[in-house]
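Have a look at these structures, which come just after this line.
What follows is a pair of complexes built around subunit A, which joins subunit B in one and subunit C in the other.
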Partner chain A sequence: MKISESGLIGQSVARTDIIDKVTGCAVFVDDIQFGPNLLHSRLVRSPHPHALIKKIDTSKALALDGVRAVVTGQELSARMGLYLIDRPIFAADRVRYYGEPVAGVVATTEEIAVQAARLVEIEYQPLPAIYDPVEAVQPEAPLLHPDLGEYSVANFIFPEPGTNISEHFKIRKGDIESAWEQCAVVAEDRFRLPSIEHVPLETHTSIALSETNGEVTLWASSQSPFAMRDMIAQGLGIPHNKLRVIAPMVGGGFGGKAGVTMEACAVVMAQAVPGHPVKLRLTREEEFVGTSVRQSLVSDIKVGCDKDGNLLAMELTYYFGGGAYNDYGVNIARAAGYSCTGPYDVPNVKADSLCVYTNYPVGSAMRGFGMPEIHWGLEQIMDQLAEKVDLDPAEFRRLNCVRTDDEIVSGMKMTPINLEACIDKVTEAIDWGKEEKPTAPNKKRGKGIAIMWKAPAMPPNPGSAAVVRFNEDATVNVEIGGQELGQGSFTVAAQIAADVLGVPYRKVTVSSPIDTKYSPYEWQTVASRLTWSMGNAVKAAAEDARKQILETVADHWDEDVDDLTIKDGLVISFKSEREQPLDKMVIYGLPNEDFEGWKGGPVVGRGHFMPTYVTNLDPETGQGTRAVVHYTVGAQAVDLEVDLDTGQIDVLKIASVYDVGRAINPDLIMTQIEGGAVHGMSSAYESLKFNENGEPINPSFVDYRIATIADIPGKIIGDFVETPIEDGPWGARGVGEHVMVQTAPAIANALYNAVGIRFSDLPLSADKIYLALDEKLAQER
Partner chain B sequence: MLARPGLPEFEYIRAGSSQDVFDLLKEKGADLKLMLGGTDLFVQMRDRAQGPGILLDVKGLPGMQEIDYRQRSGLTIGAAVTLNQLSTDLDLKEKYPVLCQAADTVGNYQLRNRATLGGNICNASPSADMAPAALVYEGEAVLESPRGERSLALEQFWLGPGSTALEGDEYLKAIHFPPPPPGARGSYLKLGRSRMGDLAIVGVAVLGYPDKSVPAGLRFRIGLNSTAPTPYRIPAVEEFLTREPLTEDLISLAGEMAMEISSPIEDVRATELYQKKMVRNLTVKVLKETWESLR
Partner chain C sequence: MAHHMISLLVNGQKEKLLVPSNLTLLHVLRDMLGLTGTKNGCEAGECGACTVLLDGEPVNSCMVLAPELDGREVITVEGLAKDGQLTPLQEAFAELSAVQCGYCTPGMLMSATALLRRKPHPTQQDVQEALVGNLCRCTGYQRIIDAVMVASRTGGAE
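Up next is the complex of A and B:
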C-alpha cells in the first residue's frame, strides 16, 4: 500500500459539484431544453395486478388532435433484463402488477398525452393475484411466468421453471443435523419486512430521440448509463455504437436509477416518431408505482450456540417478494444467500434464499441490496439468542463476529476487516451498559446494537475504465463512466488523479455529463463499488499519464525516471534539482537542444480495473474459493426513548462506525453516515401499503412519510476504522450503502431494551408500538 | 388511478367586488369553485379527472386579507388571511395564542405563505388543523350573499367531510371570534406520523378559564379533529369537568369520555383503536397542561 504522494488522500477536500449545486447551475435531465420539436408522452398503466390482455384499441387515442403515436406491447415482443431476461418493455399478453406500462402515448403537449392515454381502450381478463412470497412458492399458487424456463439467464442464477421461484440459492455447509444436537440454546423466529420506495427528489425522467438514420440518443437520470445502453440495445436490437446514453446530474438514486426502469419505454415511443425528441417524466405517484421498490422479505431463522455462546448452527429460509419481474432482483436473493449468516462465524449452515414472483411492483436494487432485508431478522435473532445464553448483546457479537482470514459461509477466506474495533467504538460512543434516565416520566429509554457486513453484489467481473487528459495549462480532465449521485464519486476521482499526478486538486475537473459516446466504460454506479473499482481505474490512468510525463522529462534531461517526481504541477529532479513546469509541455512536449526536434506530445493516460479473481459457487452447496471481491463491515448503536402516551420513538443518539479500508475523504464518509442514519430511520418507520387490488394506497409524500430535518436523531456520532484491502486504491473500499443496513434492527433492539417487546415485523409505526405496549400493560394487570 | 402530471384546464378569474362574485355564482355556479390559497384545491384538482371550469379567486375582495381586533367585539380574521400572517400577528399571539400555535403546525413555512384560514375552514377536512383552535375560541363563519350577511357557528358550518352549510350564492368573508374569557389559557396538541408537515392523526385544542359560577371554579372548552366526520367539541366532557373541583382522576375520566365520544375510522395513517386511544391520551395531556398553566 503505497502512501499518498501529496497528502491529498485522507483529506476532506470540498466536493467538485458543490458550487454547481448550491448556485443551481447543476443540470438535471428535465432542465435540458429541446425547443419546439419536443414531444411529450404518458404511459397507460394496468389497473389490474394480474390479468390477460385480450384486446387493445388505440383508434380513439390516435384520432385525438395533437397525438403523434400510440405504441403497445402487441407490436413489440422485446424483453429486457440484467441477470434474467424476463421483463417486457410494454406488457404484451399479460400484466403482472398494478401500474405496469401497457401502452405509451406521444403528443404535442403533456396535457394532450394525458387525455389520449385515457382514450386507449384495453380489455383485460383478470387473473388471481398473489402478494405474499411464502404463499407464492406453494404449488397451488397462480403462476406469473409460465415461460420462465425459456428466458435467458446468467449462469450463476437458478430459476425453477413451473414455479414462481426466479432464483434459488443454496448453502449447505458443515453438518447441520449433528450441530443442532450440540447446541445448548436455540432461538427461532420469523421476520417480515415490507417493500419501501427509494423516494429520490428527482423523479425518473427521460428524453429519447430516434434519428431518421436509426441512431438513438437517450438522456436519462441514471446510475447506470452503460448498463442501460447494454440492456436497451440488446432488447431492441440496436448496435451499441448507435445508441447513446447521456446521463446528467442525478437528483437521488439509492438504487432506484440502476439498470433500466421506464427509459426503454421512452426509446420505443421515440422510435415511433423519428426526428422528434420525446420526453417521459414520471409524477411522484408514478415514482412509487412504476419504477422499482425494495423487495419485501420473509425470513425464517433458526440459530443455536453452545453454553458459552459460541455460534454452532444456523438454518435460514429467505423468501424475497420480488414483484412482477425479477430481472435485477434475482441477484439480491443470491447476494443474501452467500452472505446469509450476517457478519458471524458459523460453522454449520443450511440456507435457501429464494426470489419469488408476486403481483406487486418490480422489486429491485436499493441501497444495501439484500443486506438491510436480511439483517432485519439476523440482528434481532442474535439478541434473542444472546439473552437466552445470558450474554450482553455487544459481548455476544464480539465473541462471534467474523474476523480476517475466517472461512466464511461461502467457503471464502474473509478479506481484511476489524469488526471488533467498530463494536468497541460504537459501544463507547453511547456509553453502552450504562442505564440512563428517560427525559420525561412518561418515557422509557433503551439502547441497542447491530452489526453488518456487505460485499459488492455484482457479476464476477464488472469493469471500470478511466482516461486522464491534460490541457495546455496543465489542468486535467478526468473522464469516467461512473456517476455522481450525491455520494461524491467525482470528488474522489479528482482527488485520486490530483494525488497521483502531483497537481493541485482544484486543477482537476471530472468531465460530465457521463455520455456513453465519449466516456470510458463503467459497469454501474451501484454496490458501493466506485471508490474501489473506479478509484483503481482512475489511479491507473493517472499513473499512466504520470509515466508519460516523467519519461519525456527524463529523456529531455538525460536523467533516470526514478529520480524524478511531480509536485504542485512541477516536475522536479531529486538528483539535479532541476524543475520543469507541466503547463504547455503536457501538450506540446519539450524541444531538443537548439530546437533540433521535439519530445513527448499530448498526455493522455488510460487505466482500467476489473476483478479477475472471483470464482463460481457450487450450485448445490454455495461453496467456492472466492464468492466476492471483499466485505465492508460496521456497527451501529442506538440510544432512544419511547413515548408511552403515543408510541413514538425518539432516537437520541446513533453511533455508526465502519471499516472503510482507507478513508479517501473523511467528510464524505461522515455525510454518508449521517444520511444513512436518517435513511435507516425512514426505512424503520415507513413502508409501501397496498389495497387488495395490489394498488399502493400511500404513493405520495402526504402518506409516505420519510424522515425530515425535524425527525433526525439528536446526535449522530460517526467514525471509521481503517483496515486496508489489497485491491483497493490505498486500501479503500466502499461504505455508501452500509451505513443504513442495520439501522432498523438496531432501533428494534433498543426498543426491546426499553419496553421488553420484540417487534419482528416492519414498519415500526407509533400506532403498532403503542397498541403492543397497551396490550402488554393489560396482560400485566 | 394515478394522479395526472398537471392541473386540468380552467379559467381563472379574480373577483374585484362582492357583486362580481354574486354575478358569477349565479351565472356559472355549477362549474365554478371559489378559491383562496388553493393549497388544498390544486391538489384535489390534480388528483381528479375533472375539475371546475372556473376558479374564482376571492382573495382581493375588500377586507379579505385583514385582521381586525377590538377589545369589545373581538377578532375578525378575513378569509384570505394567510396562516403565516396569522401566526405572527401580535394581537393574536396575546389574545388568541392557540390559533397561532395551530397555524404553525400546518404543512411547512412555504405552504403557510399561501394557505389561508378561510380555506382551511371551507375545505371542511375532518383533520383541519385550524378547526380545534377555532372551535375553542367559539369562531363563527361570516357569510356574504346578495341576501345580506349572516353568521353561523363553526359547528353548524361543517356538515361532513368536504361539506359545508355554504349556500350556492354565498361566500365566506371572515371568521369572527368573540373576546376570549378573561384569564383564558390553552394549547393545541397535534399528533402526526412525523414531526413536521404531516396531517393530524389526532389534534386536540383546549381552552381553560376561571369561572366562579361552577363548582370546579374553572371551565374548559375542548376541540378535536381527525376523529369524526367533522371537527367537533365535546360538550358532555366540558360539562363534566365543571361539576367538582378538578383532580387528576377527573381529567383521566374526561379522557375516557372523550375517547368514547370520538368516532374515528381506520385509514392509511392510523388504526381506529390507536386514534381512539390517542384522543384519550392527548385530551388528558392538554387538559393537564392547561390546568397547570391556570394554577
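Up next is the complex of A and C:
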C-alpha cells in the first residue's frame, strides 16, 4: 500500500463547507432565486390504495385564473426505473398506492396551484388492496402488475410474472437437510419490521425549466444527479446532453433522494409551459405520504449449531414489502439475499429473498439498503441460539463471525476485515459482563450486543470520474459528480487531492454545485461508496496532474522524475535541492533555456475508477466468484435501562466500532458514528402507520416522532479499526450507512437482558413494552 | 387578499414592505428579502429550521404572520456574523463540526443564540431544553450541545 504523500491522509481536516453552513450561505435548491418568471405546482394524489383510473376531467382546474397547465398520465405512457422499469411518472390507467401522483397543476402562485389541484376531477374504480408481503405472495392475492413480464429488467434481477414477486433471489449452499440432523440446538422465529421514513429536514424540492428548443434543466435536491438524468432522459426520450441536472447542497438524503422520486413530475409539468421554471416543493406531509420509504420486512429465520456453538445451518425467507413500485427496491431484496446470513460463517444455507409488491408507498433505498431490515431478526436469533447453547452472546459472535478469506454465503472469499477487534472494543467500552445497578428502583438495566456487515449494493460496474484542474496561483479545483449530503464527501475529495498533489489543503476547492453539464460522471452518492470509489477516481486524477507537473519540471532541470517531489506547493529535487513553485508554471509551463520555446501547459488531471471484478451469481444457487466489491463490518453494544412504570427505554451508552479499512478523516468517521447511533436508536421507535385505506395516519413531526436533542443516549463511545482493503484509496472503504444497521437489534438484545422479554416486532414503543411487562408480571403471579 | 404596510428592522436594516395578511415571516424573509439562510422544514411550527429572533426571542418564523411584524426587530442567521467575524457560537459550531447537511444549522444557531443571551452559562440540560424544538436528522445532537457549551466559555452569543 502506497503511503500518504503529504501526511494529510488520516488527519481530521475541517469540512470544506463548514463556514457556508454556519453563516446561512450554503445554497439548497429552494434557496435559488428565479424571479417573477417562476411558476408553482402541486401534485394531485390518489385517494385510493389500488384503483383503476376511469376518467380525468381537468377542465375546471384549467378554467381557474392563474392556472397555466394541468398534466396527467393519460397523454404519457413513459415508465422509469433503475433496475426494473415499472414506475410511471404520473399514474396512467391504475393507481397502486394512496398518494400516488395522478396529475400535476402549474399555476402562478402556490395557493392557486393548491386550489386548482382540488378541482381536477378523477373517477376511480377501486380494486382490492394488499398490504402484507406474506399475503401478497399467495396465489389468490390481487395482482398489482399484470404486465410484470413485459417490463425491462436488469439481467441480475428475477421477477416472477403472474405473481406480486418482483425479485426472487435464492441461496442454495451446502447440504441443508443433513446439516439440521447434526445440529444440537436450533432456534426459529419470525421477525417484523415496519416501513419508516427517511425524514430529511429538507423536503424533496425540484425546479424544472424546459426551453423552447427542447433543452431541459432540472435543479433538484438529489443524491444522484447522473442517475436521475439517465432515468428521466430515458423515460421521456430526451437526449442526455439536452437534459441538465444541477444539484446544490442536499439537506439530508439517507437514500430518500437517490434515484428519482418526484423530479420527473416537475420535468413533465415544465414541458407543458416552455420558458418558465416550475417549482415543485413537497410539503412535510407529502414527504411522509408521497416519497419512498424503507421497505417493510417479514423474516422467517431458522438457525442451528453444534453443541459447542458452531453454526451449521440456516434457513431464511425474507418477504420485503416493496410497496407499489419496485424499480429500485428489487436490488434491496437481492442485496439482502447475497448477504442473508449476516456476518457469520455458516456452511449450509437455504435462503429465499423476495421483493413483493404491496399497495403501500414505494419502498426504496434507505441508509443500509436491506441490512437494518435483515439484521433486526438475525441479531436477535443469534442471541436466542447462544442462550440455548449456553454461550455468552459476545463469545458466540467471536466464535462464529466471518473472518478474512472465509468462503462466505455467496461463495466469494471474504475481503480483509477484523470483526473480532470491533467486538472486543465495544464490549470493553461498556464493561460487558459486569452487572450494573439501575439508577432507580422502578427500572431494570441490561446490556446487548449486535454485529453487522454490509457491502456496497449496486450494479457490478458503477463508475466514478474526477478532474483535477490547476489555476494560475496554484490553487486547485477538484471536479466530481459525487454529492455532499452532510457526510463530508467534498472534504474527503479535497483532502485526497491535496495530499497527492502536495499542495496545502486550504488551496483546494471542490467545484459545486454538481452539474451534469460540467461535472464528471458519478453513478450515485449511495451505498457508502464515495470515499472508496470517488476517492479512487480523485486519487487517480491527482496522480495524473502530479505526473504532468513532475515531467515538465524534470525536463526543465534535466533531472529524473523519480528524484522530484511536490511539497507545500513547491517542486523539490532530492538530488539537486532545487525548488520550483507551482504557481504560474501549472498554467504557463516553463521556458526552455534562453526562452527558446516552452514546455508544459495548463495542468488538468483526469482519473476514473470502476470495479471490473464483480461477477454475476448463479440464479438457482446464488453462488459466484465475487458477489460484491468488499464488505464493511462493525459491532455495537448498548447499555440501557427500562422504566417499568412506563415502558420507556433510556439508552445510557452505545459503543459503536467499525472496520473502516483506513481512516482518511477520523473526525468525519466519528460524526457518522455519532449521527448513525442516534438515527439507529430513533429507528427502533419509528414506524409509518396506515389506516385500512392504505393512508398514512402519522404524516407529521408531531405524530411521527424522530429523536430530538432530549432523547440522545447518555454517551456514545465511537471508535474504528483499520484493516485495509486492496481496492480502496489507501485501503479505505465506506462507513456512512453501517453505523445504524444493527442499533435496533442491539437495543432489543439489551432489553431482553434487562427484562427477559423478546420483542420480535419493531417499533419498540413504550406502550408495547409496558403491556408486555404487565403480561409477564401477571403470568409470574 | 388584504395587504398591510409594515416597517421593521431586519438584521439592523430598516425595511418597509407591503405584505399580504396571510404571509408568514418565513416567506417575508426568504421570498421578499432574499434572506434564504432561514430554512423551511415543515411550515407547521414542528421542526425549528425556520427559527429567527423576534425582538430577541426565538420564534418559528413559519408561525408568525407578516402584519404582526410592524415596528419589530428580526435577526436571522445572516445577521449573526458582523463584518465577516463569526460569533463565538458560530466559531464553536465550525470548530466542533456540529454540522452535517446544515439544513437545521441556522435554526439551531438562532435558538442557541437566544439561550446564551438569556443564560450565558447554561448546563447541558438547559441546552437540551432550549433546543428541543430544533430537529436534526444528521448529527446525533451531541456536538451541537458541546458547541453551545464551548461558546458559553469563549464569549457567548455575541
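The working rule: the second predicted complex is superposed on the first by the 781 of 781 C-alpha atoms of A that agree within 3 Å, B and C clash if a C-alpha of one lies under 4 Å from a C-alpha of the other, contacts with A are read in each partner's own complex, and residues count from 1 in each chain.
The criterion applied here is as follows: a contact is a pair of C-beta atoms (placed from the backbone, for glycine too) under 8 Å apart; a residue touches a chain by one contact, two chains touch by 3 or more.
This one's a predicted model, so the numbers in the text were calculated from it and none came from an experiment.
Look at A:Ala710: by the touch rule set out above, it reaches both subunit B and subunit C. Shared-chain residue A:Glu775: touches no atom of subunit B or subunit C. The partner of subunit A that touches more of its residues, comparing subunit B with subunit C, is C. In the superposition on chain A, contact is made by A:Pro47 with subunit B only, not with subunit C.
Using the contact criterion defined above for the overlaid structures, shared-chain residue A:Asp560 touches neither subunit B nor subunit C, since it reaches no partner. After overlaying the two complexes on the shared chain, residue contacts for A:Val702 are found with subunit B and with subunit C alike.
Residue contacts after overlaying the shared chain place A:Asp431 against neither subunit B nor subunit C. In the superposed model, A:Val289 lies in contact with subunit B only, and not with subunit C. Across the superposed pair, subunit B and subunit C both touch subunit A at residues 283, 702, 706-710.
Every residue of subunit A that touches subunit B in the complex is listed here, in rising order: 42, 45, 47, 99, 110-111, 114, 118, 281, 283, 285-286, 289, 645-647, 685-686, 689, 697-699, 702-703, 705-711, 765-767, 770-771, 774. Subunit C meets subunit A in the complex at residues 30, 34-44, 46-47, 49, 76-78, 80-81, 86, 90, 93-94, 97, 99-106, 109, 127-129, 131-132, 134-145. Considering their complex, residues 1-6, 9, 49, 191, 193-199, 201, 268-271, 273-274, 277-278, 281-282, 285 of subunit B touch subunit A.
The touching residues of subunit A, when paired with subunit C in their complex, are 14-15, 17-28, 30-31, 33, 198-203, 249-254, 283-284, 485-488, 667-668, 671, 674-679, 700-702, 706-710, 712, 716.
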